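In what follows, a single structure is set out as structure tokens and then discussed.
By written order: A, B and C. Residues from 1 in each chain.
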Amino acid sequence: MVEKIRIILMVNGELREAYVEPGSTLLSVLREDLGLTGAKHGCGNGECGACTVIIDGKAVPSCLVLAAGAQGKEIETIESLQRGGEHHPLQRAFIEHGAVQCGFCTPGMIMSAKALLNGNSDPSEEEVREALQGNLCRCTGYKKIVEAVLSVSGRGD
Amino acid sequence: MGEELNIVGKSVAMKGSGEKVSGTAEYTVDMRLPGMLYAKILRSPHAHANIRGIDTSEAEALPGVRAVITHEEAKILYTVTHGSAREYGIDDRVRYYGDKVAAVAAVSEEVAEEALGLIDVDYEVLPAVFEMEEAMRSDAPVVHPERDDVEGNILEKSVQEWGDVEKGFAEADHVFENRFITQRVCHSALEPHAMVASWDGDGNLTMWSSEQTAFMIRDSLAEAFQMPRSKIRFIVPPYVGGGFGGKYESAEKIVVALLARKAGKPVMLRLARDEVFHTTRTRSPCIFETKTGVKADGTLVAREVRAIVDVGAYAWGAIMASRAASYMTLLYRCPNIRYLGYGVYTNTPPSGAMRGFTSTPIHYAMESELEEIAYALGMDPTEFRLKNALNVGDIIPINGKPVTSSGLREAVIRGREAIGWEGRQRVPGSEGGAKRRGIGMACYSHYAPMLKSTERSVGNAVLKINVDGSLHLLLGVPDIGQGLRTIMAQIAAEALGAKLDEISVTLADTSVTPWGTTTAASRSTQETGGAVEMAAGRMKGRLLELASEIMDIPADRLDAMDGVVFAKGVPEQGLTFKDILSHPDVHQSGENVIITKATYNVPTFIPPYGTAFADVEVDTETGRVRVLKMVAASDVGRAINPQSVEGQLEGGMQMGIGYALTEELRLHPETGEPLNNSFMDYKVLRAGDMPEMEVIIVEPVDPNSVYGAKGIGEMAVIPMAPAVRNAIYNATGARVHDLPITPEVLLRALREKEKGKC
Amino acid sequence: MDYLFRPKTYLKPQTLKEALALLSDHGKSAKIVAGGTDLLVEKPRGVECLIDVTSLPLDYVRLEGGSLSVGALTTIESINNSEIPTGLFHVLKEASGLFGHRNLRNLATVGGNLCSSVPSADMATPLMALDSVARISSVRGERTVPLEEFFVFVRENVLEEDEMLVEVQVPPQPPRTGAAFAKIGRTSVDIALVNVAVRLTLGEDDTCSDVRIILGSVAPTPMRCPTAEGVLRGKGLDEVLIEEAAQAVSEEIRPISDVRSSAEYRRDASRVLTKRCIVSAIERARGGSY
């Protein structure tokens, strides 16, 4: 029997409380305790990127982050992008460019792209692909995803 | 035809995308039901064993555990979708490393996992066989001794012939023989398999699962549990994270349903990624021995293939091997063809449908051989294919029907231009240097809904209209992420003259939607699309009839578009659907409750055609291959949604290049244990691995199918691997036959070529 | 089995002193966690206590007097983005850029990579090539260990139960020194099947006055190849000699066959990558870039 510890996380600008095991990952706490199921469990070892969130401005696989260790940091999940029913430009771009098929990789892809654009507002195609290396997609072949991200940066069509 | 289309042919945004980009799309694994428990499956550490005894008492006593089951309750026969394969929920015998032994439902996955560790199993380990050729020997360990309809491990043997190959080979000027081995690969859909089962107080079972079919599973469950079908509701949620053939049928459903019944609570099973790799179906490994005879001018005169298909421990169906024959007859004219195929059991993960089915591996073998034959004859590989291609009007041997449309020629011509084929042809491997460029191609055809008149391909659709003119389209097949929902809505909107945004689609709920088969075999567009067109046409007819009375214009002078009925030629003056349905006369009579339905029997099978071209750079020192550019040119009949077709082909390149170069699920040769069941070591391509990609859509518009469309899902992957392999051959002259062409495989082949052994 | 990893305690010391005291108290049942990219993947059994050291002020890259000090908590992505002047310790940036993928690099630390002590550790190879030294602390004091002596076996290093790696120091490099790193994987993101780092110093007469050739993933630890180094040292560097040294590497290493690669391929790849790195290092040495 493992005793739970109380943690406070800053998620999407809100302070959230949860009772977690010391070894609980941020991914499991987001999904099971905080009702934020946008981040997905695809592999559990940081390889597929379906769990990608942004912590203090950097895109990371939340399945490799200890929930307890994420305290005191600013965590952003896919759920933070929509503002009052309006899609974020990245979300709009993904829809318009046909970059969404099954959609399971989509939240993670968008977060990696968002982190990239936050730090580099005009990336080259190579830089976009580099930023998305941690996100697997089995449906799209990545092309339309890259085009969507480039379109937001202003370099694409 | 010939009229201008309004919605079909447009790249409209996919329905459901808004949910997916917001993270609010609920996949099976996101479901939460009150009191829901979590299941874990105990898996065999032996590739072949009898379960002599099993003690679950300690597991049952662990706090938080609500139910444990073994073969004692779960040895229920589950007939997998295609009949001849059979699997028990849990058997008292395990047949591959990872096979089901017991299952636990508990308050959390952690507790369930702990409980697994408390289950005591007494295994009688049996000798196992892992290689298909070994499994065919009479002294091989038998995987299914209980099946008296199976001889040894040979589940199926199929011989199909046309003409007389011996005569053909005798007439040939040149005969070529090769042997190809294709590997075990995994669908690797991003969403792991997941399912939820829940019983109510009246003995009704509801299940939600990420699957490619709802009805075929419900029917199998009804049979297994000896329940009326009406008491089982099987729902595929609106969002499924990819299937590619791997989310079809697994006897896990029996297990989860039994756990839910025993525990008295809903139970969710979600597979961990490592389980997805080696305990769900893989693509069948194959061996092909090919023999092809040609005339000096390049005419094919005889083709023979002996195939072995490794069906694994539990077969998907006794048609894997026999279906492969069909692909020999769809692309090229050849008077003499012979196919001998075996489906063989081994103690390896069950294999089955994966994008392209056995078409993908056999096309790899056939197209690799044909490219080499072209070079051997001094012919341009593209001209060699075109010379032999079936043309419109030619009879397809497998069903005796003529080809009604073919975009192959256009695909080849446009594709080779796009890749820069001209001037690249030379003797394979004639260039020196550490880094060598090469160019290659491959063609494909595929059969979409059912091949022969003895096979059935049926789609159903139900359409309901609301009084405000908006509609509900009910279809029995799921959307696995390929956009079926949108494609069908486009067809409905076009056929009816409705607004796309006012058609809401409900899929794959066995209590609500009409019967449907599987979202697979690239059949949806033709089969379900045909039904949708019919149902929509009937709805339109009804609306025009009602409008005709209101407008006092004969119905045959009316038309509908964008939700408005108008007299032909006078589109500005019309009645909206809402006007019609809320008209007092209509409303009073109750005639505005309109439901139309259609059952569409695909009249004849319409093969799609296409090509892929690859331009590669080979580092001959390390064996690494970089695919620089790929062009896919596909005859899709008509693209209902061009952007969606592109997406399928671009995704097909990722899967196809991986099949050619990097993907393989490897098993320990002595224990059958999977060695690389994680994305760390099962290498799928990432954004940085992809080549420049170009898609060319060819639209011959077949006269017999819904809007002339043929489908694309499976075909998208078929030509990719042989195109890459042929480009490597062109670059280096090295003849590689086995997949994947890893750097070390290629280095070895290059060395052998140096030594002149090839 | 996943859930055998169920630690009971989570601790987050705010100072190095605190961290070392906790390590000393908890010993074997405690695991230091920084980026988590190894620990949360490996999920070892028997971990009772997690000591999260990410609050410690060990995330820095300092250039002082030609010497580079890298705090153990510096992420790999920090190295990749660092302002280390191109030309100085450039080989570390090179290696960091080929490490995993960005999202992993945002978590993974230099200290974590070295302490995992896997033979494929991508930062170990170039750091060893530059003659780096590990600074280790415990309640008992501080010591330094040359990286070359740090690794003992697969996942084993010289750290005692109560010790923590706090910094890696890279000494100033002589003039006319060049270094290069190469790695080969099955795809663009991969654990190294082989990785190579070469550091080479040219004498005034353009002969090789000193060289280090380090290979990863070809032995239980990252290893030096002294025989191959001996082929080059003191000699004029022509194509034939470089090939000879590369060949010597392929014979000197002790690779195994595993699911990622056969031993034979590791030998082939080692030879090719070593050759390419030597050529690159020579070019850089002429320009004074390492």
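Methods note: contacts are C-beta pairs under 8 Å (C-beta built on N, C-alpha and C of every residue); 3 or more make two chains touch, one makes a residue touch a chain.
Since this is a predicted model, take the numbers as computed values, not measurements.
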Problem - Graph distance between subunit A and subunit B, where chains that touch are linked - result: 1
Practice task
Consider the two chain pairs A-C and B-C; indicate the one with the greater count of contacting C-beta pairs.
Solution key: A-C
Handout entry: Chain nearest the global centroid, as defined over all protein CA atoms shown
Key = B
Practice task
Calculate how many whole Å lie between the centre of subunit A and the centre of subunit C, each centre taken as the average of the chain's C-alpha atoms.
Solution key: 29
Fill in the blank from the handout: Chain-centre distance (mean CA atoms) for subunit B and subunit C, in whole Å, is 44
Problem - Multi-partner residues of subunit A (at least 2 other chains) - result: 44-45, 130, 133, 135
Problem - Multi-partner residues of subunit B (at least 2 other chains) - result: 272, 680, 684, 686, 688
Practice task
For subunit C, jot down the residues that touch at least 2 other chains.
Solution key: 2, 6, 41, 101, 188-189
Completion exercise
Counting only contacts in the complex, subunit B reaches subunit C at residues 109-110, 113-114, 116-117, 272, 621-624, 662, 666, 675-676, 680-681, 683-686, 688-689, 742-744, 747
Handout entry: subunit A residues within the subunit C interface of the complex
Key = 2-3, 5, 21-23, 25, 44-46, 49, 52, 58-61, 63-66, 68-69, 112, 130-131, 133-135
Problem - Parts of subunit C lying in touch with subunit B, wherever the complex brings them together - result: 1-4, 6, 41, 101, 184, 186-191, 259-262, 264-265, 268-269, 272-273
Exercise for the section: In the complex, go through subunit C and note every residue touching subunit A. Expected result: 2, 5-10, 12, 33, 35-37, 40-41, 47, 50, 52, 54, 77, 100-104, 106-107, 188-189
Handout entry: Touch list for subunit B against partner subunit A, complex
Key = 11, 13-14, 16-27, 29-30, 187-192, 239-242, 244, 270, 272-273, 480-483, 643-644, 646-647, 649-655, 678-680, 684, 686-688, 690, 693
